[in-house]
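Each of the next two complexes has subunit A plus one other chain: subunit B in the first, subunit C in the second.
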Partner chain A sequence: MAEDIQAKLEKYRTAPFDARFPNQNQTRNCWSNYLDYHRCQKALDAKGVDTAPCDWYKRVYKSLCPISWIQKWDDQREEGTFPGKI
Partner chain B sequence: MAHQAHAYHMVDPSPWPLTGAVAALLVTSGTAIWFHFNSTILMTLGTMLLLLTMYQWWRDIIREGTFQGHHTPPVQKGLRYGMILFITSEVFFFLGFFWAFYHSSLAPTPDLGGCWPPAGITTLDPFEVPLLNTAVLLASGVTVTWAHHSIMEGDRKPAIQSLALTILLGFYFTFLQGLEYFEAPFTIADGVYGSTFFVATGFHGLHVIIGSTFLAVCLLRQIQYHFTSEHHFGFEAAAWYWHFVDVVWLFLYISIYWWGS
Partner chain C sequence: MAHPSQLGFQDAASPVMEELLHFHDHALMIVFLISTLVLYIIVAMVSTKLTNKYILDSQEIEVIWTILPAFILILIALPSLRILYLMDEINDPHLTIKAMGHQWYWSYEYTDYEDLGFDSYMLPTQDLAPGQFRLLEADHRMVIPVESPIRVLVSAEDVLHSWAVPSLGVKMDAVPGRLNQTAFIASRPGVFYGQCSEICGANHSFMPIVVEAVPLQYFEKWSSLMLED
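For the complex of A and B:
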């Protein structure tokens, strides 16, 4: 399992087609992966397990999201005003 | 020929359309002046003129119809079409605000937390005062129908009582909504939730006040023997408007208060 993730991460070029977000507006795709990365981090950290699998979500949201959004959300998480549920 | 050879009403020249237009100009520009230069004189003047115009114009219509006999069947038919078209235009007015609500609530943006109600908003419990308000308006729909039947049957006292009760229920709704507005844990400035909630329910509340006023005028007219069992279109128009206000509330309740919580 972990080797698969590493293999996938090594082969990564850009965010693949996600049938959950088939249309032109990819906002939800970016948002969903941003949330999933941080939820994954939080959950695996709590279990004391290696958080490497979470990096897939990070790669995807880094590919999709505008940098200003990532910065804004990171700042909001810092000051505790992030509106999403992590 | 000293009299007309048709059943229509050729209205005598009247200054009220002009004063109404001037009032509209003063109210709108006065509001802009208030926003930018902190002076309410123009807006206040315009509002006074608007109220005077409405009072005198509708007073004249009552004189023409009730006392001078100008509201023949074809004329009344035209008035009916007019009221229906006006209410239809109001339906479209509210449709816009419902569109805005559904636009924002069906696909909530990341700024809201991707959810509806948005993160941080504590909504009102739909099964508390809002449900009572629903019951109040539905009951008022029953009492206004009771009033209508009383008028048609020529029952003067029940007509007055049921019409008065309808108006009291209308006031009760307005009072309860006022309390809700005061106690609400969110304001109009609280993002798109606050905006859609208060603009939609606010305009509805304004229409409840307008409808109550219309019904109150009908009550005064009923007391003064203006209505006959065959001819009471002013009352019918008020009743149609009141039902419209009730239906708008039902949509508001289902969409914003219930589904939107």
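For the complex of A and C:
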């Protein structure tokens, strides 16, 4: 499992086509992956397990989300005002 | 780029734009043929020596001028739908670039591997070198590898803008808070120009888009150089 993720991450070029978001509006794609990464981190940290599988979501949201959006959300998470449920 | 007194489209730099260009030629030819026919009929009817012209009917001609236009419409619709579906094909991009519109410049982000971001301002006319294009050149171009599928995610940081490059057949609105996806392949190396296509304030006409398509090794060299700066 972990080796598959490693292999996928090594061959990573850019965010692949996601059938959940097939159309022009990719806002939700970026938002979804950002949430998924932080939820994954939180869940695996709580279990005390290696969080390497979460890196896939990180690569995808880094590819898709504008830098300013990521910075804004990171600041909001620190302040405790982040609108998403993590 | 556009040329003075240009009538048609700019030379196509992507496969989709080539298709659009050929389709436009096809549809325009049909339009010219129909217009010529109608003009001929008008002239003929106005200049005829015949006197009994107003109480005429014929089942045969009614059938012809119903079926023929329907057939012509199908002849236009089929290639049109083909291109529409071609543009919607699921593609597998090699690179994702974000184009963010600001008042009044574009910024490009290449974040698949490292965090590379830079602004692209129009070169003021007094700073142009001989041979450069007025109101079209920018200080930093969006460099892409040639013949690779590229995904561009367009958004804006303040007001509406629109990211357009006619020779690539691309135009996508930049909406604050929304991430609009478009994709293309540059089929040949070159420099392709475009302009902001949604009114965005005083300098709307002065925030051009410049895309430079280069072979992959040069793209890699360019991105390492940009990251160092």
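To be clear about the criterion, the second predicted complex is superposed on the first by the 86 of 86 C-alpha atoms of A that agree within 3 Å, B and C clash if a C-alpha of one lies under 4 Å from a C-alpha of the other, contacts with A are read in each partner's own complex, and residues count from 1 in each chain.
Here is the rule we go by: a residue touches a chain if its C-beta (ideal position, glycine included) is under 8 Å from a C-beta of that chain, and two chains touch if they have at least 3 such contacts.
If you're wondering where the values come from, they're calculated on a predicted model, not measured in any experiment.
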| item | value |
| --- | --- |
| Clash or fit, subunit B versus subunit C on superposed subunit A | fit |
| First (subunit B), second (subunit C), both or neither touched by A:F17 | second |
| Angle at the Cα centre of subunit A, taken between the Cα centres of subunit B and subunit C once the superposition is applied, in steps of 10 degrees | 70 |
| First, second, both or neither for A:Q6, with subunit B first and subunit C second | neither |
| Which of subunit B and subunit C A:T27 touches, first, second, both or neither | both |
| Which superposed partner A:P66 touches (first subunit B, second subunit C, both, neither) | second |
| Greater residue coverage of subunit A in the superposed arrangement, subunit B or subunit C | C |
| First, second, both or neither for A:G84, with subunit B first and subunit C second | first |
| Per-pair minimum CA distance [subunit C against subunit B, superposed on A] in Å | 8 |
| Contact residues common to both interfaces of subunit A (with subunit B and with subunit C) | 27 |
| Subunit A-touching residues of subunit C, taken from the complex the two chains share | 90-96, 98, 100, 109, 111-112, 115, 117, 151, 153, 155, 157, 172, 177-182 |
| Complex interface listing, subunit B residues touching subunit A | 109-115, 118-120 |
| Residues on subunit A engaged by subunit B in the complex (per definition of touch) | 27-28, 31, 35, 69, 73, 83-85 |
| Residues on subunit A engaged by subunit C in the complex (per definition of touch) | 12-17, 22, 24-27, 29-30, 59, 62-68 |
